[in-house]
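Data block below; observations after.
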Amino acid sequence: HSVVRMGTEGAYPPYNFINDAGQVDGFERELGDELCKRAELTCEWVTNEWDSIIPNLVSGNYDTIIAGMSITAERDEVIDFTQNYTQPDPSAYLVMAGNEGVALEGAVIAAQTNTIQASFVAEMGATLLEFASPDETIAAVRNGEADAVLADKSFLTPIADEGGDLVMLEREELIGGGVGMGLRESDGELKEKFNAAIQSMKDDGSLNTLIAKWEIGAAF
Amino acid sequence: MCTDPSQLDQFSWLACYLTTPKHMALYWSVGTVLSLLAITAPAALLFGFGGATSARSRITPLRWFGKGYIAIVRGVPDIAFFLFFVIALDQGFEWIRHQVKCPDWPDPIRQGNDFIVCAAAKMPLGTAPQWVHETYGFFLAVLTFAIVFGAFAANVLYGAMRSVPHAQLETAAAYGMTPRQTFWRILVPQMWVYALPGLGNLWMVLIKATPLLFLLGVEDIVYWARELGGAKTARFTDYPHADWRMWYFFGLLVFYLLFTRVSEVVLDRLMKRLTHGQATVGGEAQRKAA
Amino acid sequence: MSCWETLADYGLRSLGYGERLLPRDELTICQQVVLIGSGMLWNIYFGVLSVIVGFMLATAVALGKASQSALWRKLSEWFIFLFRGSPLFIQFFFAYFLFLSLKSSFPAASVFTSAWSGALVVLILNTAAYSGEIFYGALMSVPKGDIEAADAYGFKGWSKFRKITWPTMLRLAWPAYTNEAIFLFHATTLVFFSGFPARQQQGDALYYASYFADKTFNPFIPYPILAGYFILLTLIIITLFGIVNRRLNRHLPQNDRPRLKLKPRLLR
Amino acid sequence: MPSTPKPTESPVIEIRDLHKRYGDLEVIKGVDVTAHRGDVVSLIGSSGSGKSTLLRCANLLEDSQKGDILFNGEPVRWSGHPRRPADPSQILRIRTNLSMVFQQFNLWAHMTILQNVMEAPVTVLGRDRDEVEAAARSYLDKVGIGDKCDVYPAQLSGGQQQRAAIARALCMEPQALLFDEPTSALDPELEQEVVKVIRELANEGRTMLIVTHDMKMAADVSDHVIFLHQGKIEEEGAPDTLFGAPKSERLQGFLASTMAV
Amino acid sequence: MPSTPKPTESPVIEIRDLHKRYGDLEVIKGVDVTAHRGDVVSLIGSSGSGKSTLLRCANLLEDSQKGDILFNGEPVRWSGHPRRPADPSQILRIRTNLSMVFQQFNLWAHMTILQNVMEAPVTVLGRDRDEVEAAARSYLDKVGIGDKCDVYPAQLSGGQQQRAAIARALCMEPQALLFDEPTSALDPELEQEVVKVIRELANEGRTMLIVTHDMKMAADVSDHVIFLHQGKIEEEGAPDTLFGAPKSERLQGFLASTMAV
């Protein structure tokens, strides 16, 4: 590999987002750049829409996915993952202030279409309301279409921290695994390089520093 | 001067905000959309013309091809098409290049889920700079749009060709024009009057389809509007704000309406020229108004 | 689980009958075909209703645009301009917000925040604008001799339109209108894709297709299935509209018409 | 000649000093025409002299720029600039009493011949469908195409189309008729039939304006002949005097060719 | 009469036992027509008798079901069932030597009059554009509409359209011409002009088939007149004998009305 193309979504702060300068930024940007340095690779960032992020990887349009992607058994059948670089991130509920007492099982809960949270809500028996983007799920709670929204805790925390009308519930759900980099199954060599780099960051504590800096969750 | 937004007053805050590099990307994407349209429209018309002519060809396989193209591509919603066709198209190109450039490649191309061609066959090459990748993506998008909208254009042109009064073609035949001459000299010039409303509609639909560009991997205005409009917390930006998509979408609305208006004026002029002096209600209204 | 059972369990899943949960793992082709087909029910529901209502509205709009009265003309022109001039997803976006804010002042308006009614309204207005423009264009291409003869015989208003103008207008507009109807059915896929929220995982064909694409990470199965359904639907539309077209063109001499007997046309 | 104008009655059709232009081209330059009840007025003149235009103006299908048009003494009211007829209900009243046979026939292409003939009496005049059908069939028989009731215009020969157009006009049973070259596509035999029909109509008290290139027919059926030349009336009068002793040089020249053969 | 057929030369147009039906309606029931170089053959007959259809078959615009059509002795080759002309290049060769003036004129609506006239000579015959333009203008002058070069057909009066159609046919300078009622929309004066043109053309050696309702014109220009009745030739002969002493009862009746006036 002369150049390793890193595919990300660019719409999932704090993991990855587009900053004011129009560049990919966030926890994974810093992490990725550091990993490339340690593995002595030249890296290039590209953004791709979430829905087709895996098909484009296996088709060879970029070489890794580094997009806050939880390691799941389903995904692992199609692609390979490096070891996780975050602890599993719990999902949390966000409701209107004053509505903390809502009985979640009978409530209307918003989630982004085709996410692990959406399946979870469908299974727990609450009324699921699916929106195309995470912003809309938050808006749905604000305007009363939904009682609560279920999403990754690290995504909801900054919103709840704003101190506005929305508050986070105590209750959390452990749905996903930890997050890792996705690679083609035929690309074992690259996977080993990144695994080694991640391990070295875990070992010298620099990964924990990054996790703390971006408030991603628990440290290793 | 834009370094600390919290110190700025309303107006200069806005001035700074609207000139962040991220906004520049939004403005730049306007150009992307416009150039996509400028290239796609004639390409789709060409595909459509080819489709329509082959659909009425006397050579049977060609006719089947034309009719199959019109029926099948027209039958699939454009989103569904975009969601898998571009990847297929890209793989198709790489597969062909692979056959040509690396004929003695030992490994299979399909390994499980992976699609792997030799490095020399990659489109574009792995070493190519980012702009080549973007241009290639843009080219794929143009091609896909042209194939999809070409099918609709083919249908419109096919219908228009059949709307030309038979007597007009018969006369041409009587004057010894070959089918080819009749086609180019009588049918094609007369069909535009019948085709233009349909083509105009198609153009309007094409303009409105540009938000699908993101599905093809091209970052278009709608992508940037969504991105910029979404609620921003102070942690990730110097310019935090609530959900502003309303405003950005309103901007998009204005952009699309303006663009439509300009298109309408141009189409109107064209139609005026085409109906000039014709014995139709439109020609008559024009004459009475003069 | 046999494919028949799958059909029984998921055939009406999009309407909320049958299995409560979508299949999660070991997704079979059969499940994909059945569920995406189940989603088609929504596309058909949206398409058929908006074609019917939109047709009537479009006729009115075309007449409005051709009318002598400046008020009607301006109204129709602006209506057409607004709906033809903006992408459907922006219309969905604003309509949804509008319905939400209506809901807070008139609770009765709350039905419109659900897709089955709110998106339908948007689709009707959208197709009325596009078809209205097509009809207006056809209206302008009606041979002037026909109209003159009608004028000369004292036809006026509705009867002149109904008896003389309308049949010819329809005949001229029909190919383009067929296109528009197809576009409309295709546009129904946007309802849940970027418009209204899906409740209880009850969505249209594209909703289920992308559900499967997301679960299997393989776009090459669910989307072609979706495409197959839509090709079928489109062929049905083309056939139905073709029957009408033949009726509208029945007065043309035989050799102006497609020779159906010699070469059966399966495709158009 | 069947009927003489009664001076106490106002003329059915009266045109006073009519002017009409297409863009810069002035086509009618001040023409007066008067036709009383039962009158047959023929318009002759060379091609492009404005005959069809005059008929079309009389029927209010074209807007004229100057001059008056009166029906049964009632002037058409105008408004606006350029002027247009002001009162739609007046236009309608006039047109339902006035049927036209067009030079290009203008049959409605999407209706069968019978439907073409029945359409206006049923929808416009609101007459009983069965009665109208009987009448339509008898008119179609009268012009000799009773067997073509159920075919579409595109399947007829030129002469058959023209006869269908005549039947359509007759079936309205109007007060006045405007014929634009009603026999151009007909053979002499059928022409005689049409002449007979015109005479009958005049006897019934209907008023007719006929544009024709057939001088014999003009001489044969008219009470009054008008010779148009380049948008002006060059000469007019009773057919005997006009054809017998033409005064203007242009008319003499025009008629010479008829006699020459 | 200008020219007499030379028996050594094969006829320019020859039709033998032609049959044609539309669906169940048999329109031409075995007709023979022969026209040599410089011949003018007139077709008369009542409306709907199949005259236009015969011309259209002669031009191969309609497929006939039986019988032969020959040009300069060369028979049209047929193939298939129902039969159609087999050889496109033959059709083309025939048509470029054969111009037609249609009963409904059929001017191309999207071209100005001048373009209408120039189109075929330039594109089909490949003649020089400037030369053709000069010729076209002179033909348009000849039929008296030289001032209408740059307007569209819809802006012309009926007679002007007909003259444009005639000019278009003349400008091809073909071996043979088919005229379908070429003077139906023309006044007697212009009709005389057309008659003059036809005589000139005959003198130049061109062959003509003319459908007409004008018996005087038929008598005046033709070498041979054919009376069609219900798709069959009822009687034919030199104009003098045919008009002077018609044998068949049908023809006598047909001609009676011409004389009656």
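Letters A, B, C, D and E mark the chains in the order given here, with residues in each chain numbered from 1 onward.
Convention: a contact is a pair of C-beta atoms (placed from the backbone, for glycine too) under 8 Å apart; a residue touches a chain by one contact, two chains touch by 3 or more.
According to UniProt, the chain labels map to these proteins: B = Histidine transport system permease protein HisQ; C = Histidine transport system permease protein HisM; D, E = Octopine permease ATP-binding protein P.
The structure displayed is predicted, hence computed values, not measured ones.
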Minimal path length between chain A and chain E through chains that touch? 2
Identity of the chain that, by mean CA position, is farthest from chain D: A
Report back the single chain whose CA centre is most distant from the CA centre of chain C. E
Using CA atom averages as chain centres, what separation in Å is found between chain B and chain E? 51
Counting in whole Å, what is the centre-to-centre distance of chain A and chain D, each centre being its mean C-alpha position? 84
Rounded Å distance, chain B centre to chain D centre (Cα mean): 55
Report the inter-chain centroid distance for chain A and chain C in whole angstrom, where each centroid is the mean of the CA atoms. 37
Chain D residues counted as touching two or more neighbouring chains: 22, 104, 155
Could you list which residues of chain A touch at least two other chains? 51-52, 55, 58, 78-79
Listed in rising order, chain B residues that touch 2 or more other chains are 83, 87, 113, 193, 245, 279, 283
Touching chain C in the complex: which residues of chain D? 56, 59, 61, 88, 92, 95-96, 98-100, 102, 104, 106-112, 119-120, 123-125, 152-155, 168, 172
Complex interface listing, chain E residues touching chain D: 22, 44-48, 52-53, 103-104, 144-145, 155-160, 162-163, 181, 184-192, 213, 215-217, 220, 253-255, 257-258, 260-261
What residues of chain C sit close enough to touch chain B in their complex? 81-82, 84-90, 93-94, 97, 130, 133-134, 137-145, 147, 172, 175-176, 178-180, 182-183, 185-187, 189-190, 193, 206, 209-210, 213, 217-220, 223-224, 226-227, 230-235, 238, 252-253, 255-256, 265, 267-268
Which residues of chain B touch chain C in their complex? 64, 67-68, 70-72, 74-81, 83-84, 87-88, 113, 152, 155-156, 158-160, 163, 166, 193-194, 196-198, 200-202, 204-205, 208-211, 222, 245-246, 249, 252-253, 256-257, 259-261, 264, 275, 279-285
Along chain B, where are the residues that touch chain E in the complex? 167-168, 170-179, 181, 185-186, 189-190, 193, 274, 276-279, 283
